[in-house]
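One chain, chain A, links the two complexes that follow: it is found with chain B in the first and with chain C in the second.
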Partner chain A sequence: MTLSLTDPTWYPIASSDDLPFRHVYQGQLLGRELAVWRADDGNVNVWENRCLHRGVRLSIGVNEGGELKCQYHGWRYANRSAGCTYIPAHPADAPARRIQNRTYPVREAYGLIWSAANDDQVFQPFPGAEGNDWFPLRPMPVNAAPEDVLAALASLAPDDQPADLLPGLTLHFGDTYYFVQPVDAGRSVIRGLLSAQPDSATLRHCNETLSKLRDRVERAAAKKPAPEPLNPAFEKVSAELSTMPEIAVPRGNTLTVVVKRKWTSADGVIGFELAPRDGHLPTFQPGAHIDLHLPNGLIRQYSITNGPGDLMSYIIGVKQESASKGGSKVLVESVREGDLLSISEPRNNFPLRRDATRTVLIAGGIGITPLLSMARFLDKSSLNYELHYFTRAGDVAFRSELEALNGKVIFHTGLPREQIGSTIASALGEWSLAQHVYVCGPSAMLETVRATAASQGWPEASIHFEYFKNDKVIDNSSAFEVELARSAMTLQIPSGKTILEVMRDNGLTVPSSCEQGACGTCLTTVMEGEVDHQDVYLNDSEKRSNTCMMTCVSRAKSARLVLDI
Partner chain B sequence: MAITLYDFELSGNCYKLRLLMSALKLRYDIVPVDFYPGRQHKADWFLRMNPFGQLPVLKDDDLILSDSGAILAYLARKYDEASLWFPDDPAVTAEILRWHSVADDITATSSAARLALGYGYDFDIAKTQKGAHRIFRLMDEHLWFGEREGRDWLCSPAHPTTADIACFPYVMLSEEGGVGREDYPALRRWTDRVRRIPGFVVMSGIFPAGRAL
Partner chain C sequence: MSSIDPVTRDLWQVIAATDEITVGVVEATLLLDTRIALTRDSDGSPVVWLRRDEEQGDEIDPASVLDRLPAITGYGYIWTSLGNPPKELFPIPEYAESDRVNMSCGSIGIHVSAPRAVENFLDMGHFPYVHTDILGAEPHTEVKEYDVEVSEERDEVLATKCKFFQPRAALSAIDGMEVEYVYRVPHPFCAVLYKSSPEAPERRDVIAIFLQPMTEERCRAHLLQSMIDSTSTITDLRRFQQTIFGQDKPILENQFPKRLPLDPRSETPIRADKSAIAYRRWLSQKGITYGVIPVAS
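Presenting the complex of A and B:
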């Protein structure tokens, strides 16, 4: 029998007990090295055993519970998707590039972890699997070809009860099943399953029998020429990966999700749990949002509140405002559990640095949603943070989720207006190196935090904010010319139309989301010309630099702009 | 009390002492010895302290000690007030010394393979690697049954002893000698536990484990 790299058979690759809390197990199947780890939610991940960055084994990495961190340069990958969530060398950027490690199918059953080289076969229990309390024996690695190991196992069966050979390098006699894991052409692991919980003498006896068998098979194998090892191909990863420009996600690229749960979290805040119809949702980073396509045709942005590696559903919070323009109103009033909705892939314009010595998170009202996600990520990585949550009198949204955190979470409920400023000032304190503040909430509160932080010595680069909306009155009266340097096009922007709209009219696909200068999705590099900034996404020094702009609301003061599009 | 460690940064045997002294919160001075490429451990001044010409050497006031296992026992007996790292119980002492001896075998195999591959030593690489695998198989078996019996460490006490420290470094550094540990899952789990001992410090080639709270 020759082993094939494309063999679709499910083989056991570990015992369940091999994956204790926060451990990374090193395995191998059909020549491919695997990093196997159990997340805190119980999910078992089977990934190619190398970091996409420099190829270092992920099996020496750190299991942080929801993410796996590479030991070399600290790249983090999400539970389930294996998508990259953080690159420490680019702490201020979201790795929105589609960096995703190779995953393999996995099932946990009968005390064993099963995997396969590909998805071609559905997992099938072995005959007689059901109805027993299986106990996995100590795995026995053998430096010999899988078929030789299987033959030797068959010889253990008593003469009057020959072994029952089953597909997938499996055999069975008495009350024991033996599976041979084909590690490579010349290497195997024997994984035995007993149909009942054994006493310790039985365990020792089985171990002794298999050890002797191993020694015998290895002596025979040493006399034969070693088989040629399998030679799996590795997909090349670009060396420029970490500096590549972001791949724009076209606006039309949506996913369908089911409203799995809808509940009232606090007065005026409704929680929605959005689940995929099968599998898991895409990787997201803390601070990320999705576009939600509403039944009435409107598109609205909502932050993901989830913690690391939590991809079985996204949870968002929606505030029903009386002044709602029909966005949250339709969600709250007409969307029910079981309904299908379209969402965009997650996008992150509010990325969280994880190299701060102190992180201050300040939330006002429904602005808690991105900060809850950030707090959960910092929590799992045991990083230092303080979360200040300002709400009006009454109930507090996501209270139980916040109380489950280990970090410092301070509720400021129903503070009189004059106390809010001083509370923010003392929450921030004086700035020192590598401190960062993240704030999300009503515009007035953001302005207070930004001004207070600035007056207490916080540099602009340490103040990170996300506005819900742009309250400014947009002046779109100017008319000017835009040259798109990469596309070699020149467009005339008349008054009353945005740069974004004119680019779309001319057939260009450009990413955008809120289209009111708040979310940051349409951020564009400016090469020449003077920008008339009208957004609330860029900070003042970014605006002064005149090197970037939001094409959805901002315009030109000069007659001509040259953009890097 | 003034402790001085004659130390080579990349030596697993010196690291054993740094590890225990960190766990015991002991202060000490370091005198670097250029083992490679300077071969200072064969210099006259060093041989006067340890005629065997081996690292580490530890000076405690006027007392000069050599051999990592012996020094581990000394430090634990002298400075561990709780008597956990090297308990008095005769049976446990025998257990620990048994594993100190395994640690020397690991040095003779796994560390020798590393010296051959990385430091130009003329050792039989295939033989030392094979020897390391033989020991690791036995350790994996010992530790797997230990987990079933509620024993997390090499010896029977419910806490680590100098046996764990003595065996740890050249297990962790085995890949530098071309000896993988993929076939020894219980041994790998034990290295996670050692790396979570309060006061654990790293050395070049040995990464910390994540928290498991």
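Presenting the complex of A and C:
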């Protein structure tokens, strides 16, 4: 039998006990090294043991509970997806590109961790697996070919009760199952399962038998020529990742989610739990939001409230506004549990730096949603933060989630208007190096925080905020020319009209939704010319890149723009 | 055995610290998969030859060695070549300044290719994680924009305006400060770093790393310090540098593949890695294949 790198069989690669709290275990299967770690939510991850950045083993990294942190440059990778969520060398940028480690399938069962080289086979319990209280034996590494180890194990069976050979280097006799983990062509690990909890005499006996077997098999293997080791290749990263990172705006696909739960989180705040139909959702970073495609055709943005590595569902909070124009109103009134919704992949215009000595989070009302996520990330990494949550009486959303945090969470409920300013001032305090404040809430509050922070010596770069609505006054006074490269058209944009309107006037069908520079639907690639950005969708680095624009509000600083339309 | 590309073959390669080689006593080492022996003659000049049956520590009359490899002394080290080396070694002019303390800081074996070790030397992003509380500390993790160029005239990679916040940039530093670095890669397996000296802010301390490629996946790092420091002892200065290097070694030995991959698609660079990207391209353009995984043609 020759081992194959593409063997789809599930093999045990570790015992459950090898994965204690916050540990990273180095596993091996079919010539590959694996970083195996259990997140605080119990999920077991089996990843290629190599950071995509500089190739350092992830098994020497730090298990932070929801993320794995590489030892070399501190890159963080999310539980389940292995997507990169943070690059400390560039703390102010959200990792725009989709950097994702190679993952392998995993199943935890019968006290063992199982994995396979690929997803080609569905995990099947071995015959007779169900209904027993399995006890995994101490693993026995053997420097010999897996098939030789299996043959030696078969010879342990008594003559009158020959071993029952099963698929996947497995055999069974008496009340014991033996699995040979093919580490490499010339290396194996014997993993045994006893069908009941053993006494110490039984364990000693098993250990002695397997130790003798190991010595015998290794002596025989030493006399044979060593088999050629398997030679797995490291997969190449995508061409997009390999080039010097220009700022690129990800045009994510939409995905379908199920409304798993809908509940009233506070007066006027409805929580929605959105789950994938199978597997897990994409990696997100603290502060990220999704676009939600509503049944009435509108697109609205909602922040993800989840913590690190929490990808089994996204939880969002929706404010029930009586005067709403049909965005949150549709969600609150007509979307029910079990309904399917279309969402975008997460985008992040509100990235959280994790290089602060002190982080102040200030939320007003429904603005708590991105800050709850940030607080959860800071909490998991034991970073210093204070969360100030301003609400009207009775409107405290996500109270139990906030109370579960270990950091400083201060509720300012029903504060009279005149006290809000002074409370914000004392919450901020004087600025010193490496302090950052993040604020999300009504625009009046944003302005108060910005002004107060500035007056207390906080530099602009340390004040972070996010708009969901574009409250800026759009300056549409410029006039310029737009060339549509693919449509071979040249249009004159007069003052008072948007690019989008002029394109429509000329018979072009261009997608758009909010038409206030907030939703991202009309995102267009810019090939030439300098853009006068007026939207709140693109983040600052994306704007600076001058490679894309929102045609609904943004205009040209140069006399001419060339667009990829 | 691996083949040695012509560029690598014709380079000067470092093999030992001069003052660690005793006159008339054989030192054995490995260079580019080749067994090498060396000693010094009565003038103290290096004598290097392809090792035959000599053993480490044998006494030998240097005059009896007729078939010699080229050998020179530079920056406190002995250099040789398996091919036709240039007339001179790359310049480090500061080494000759009379008020500097010049010292070799030891030779440390590392189970990784020489180019991987060069790249690590050029890297600032790892300071808070690998040299915690010395060359960097969380939360100060940012690598600010810096400039990189490949100087055609001098045939070297040059990175300038590299700034990083360091809690204890040098032995003579007491408080944390933002330190400015300049990096030069004047030789495929050697790199030189200039950093503002805590004692004389207008001048720069020089730290160089010379890598001896023993095999494609093993090297020895030879360190040079040329410091403006009137108070620390040489032992302390050496110890400081060895501490730093001792922290790098386990990280480097956990890097895979051990040879430096030159295909841009084998790893994921970020803006902070500009100098590493320039270095990889430079190696590729020079046609270096030893210790690297060349781009598949």
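Annotations
Note that the second predicted complex is superposed on the first by the 461 of 565 C-alpha atoms of A that agree within 3 Å, B and C clash if a C-alpha of one lies under 4 Å from a C-alpha of the other, contacts with A are read in each partner's own complex, and residues count from 1 in each chain.
By our rule, a contact is a pair of C-beta atoms (placed from the backbone, for glycine too) under 8 Å apart; a residue touches a chain by one contact, two chains touch by 3 or more.
Just so you know, these numbers come straight off a predicted model, no measurement behind them.
In the superposed model, A:F234 lies in contact with chain C only, and not with chain B. When both complexes are overlaid on chain A, the residue A:Q71 reaches chain B and chain C alike. In the superposition on chain A, A:S382 contacts chain B only, with no contact to chain C. In the superposed model, A:R54 makes contact with chain C only, not with chain B.
Looking at the shared chain after the overlay, A:G27 reaches chain B, while chain C stays out of its contact range. Legend: residue contacts after superposition of the two complexes on their common chain; A:P139 is shown touching chain B, with no touch to chain C. Of the two partner chains placed by the overlay, only chain C lies in contact with A:T357; chain B stays clear of it.
Legend: residue contacts after superposition of the two complexes on their common chain; A:T369 is shown touching neither chain B nor chain C. In the superposition on chain A, contact of A:A89 is made with chain C only, not with chain B.
Once the two complexes are overlaid on chain A, the chain A residues touched by chain B in the first and by chain C in the second are 33, 60, 71.
Across the complex, chain B is touched by residues 14, 17-18, 20-23, 25-28, 33, 59-60, 62-64, 69, 71, 138-139, 141, 189, 200, 203-204, 207, 211, 382 of chain A. Residue ranges on chain B touching chain A, taken from their complex, read 141, 144-145, 147-149, 181-183, 185, 188-189, 192, 207-213. Those residues of chain C lying in contact with chain A across their complex are 119, 124-126, 128-130, 138-143, 250-251, 254-257, 261, 263-272, 274, 277. Listed in rising order, the residues of chain A touching chain C in the complex are 33, 50, 52-57, 60, 71-74, 87-92, 99, 234, 236-239, 241-245, 354-357, 383, 434.
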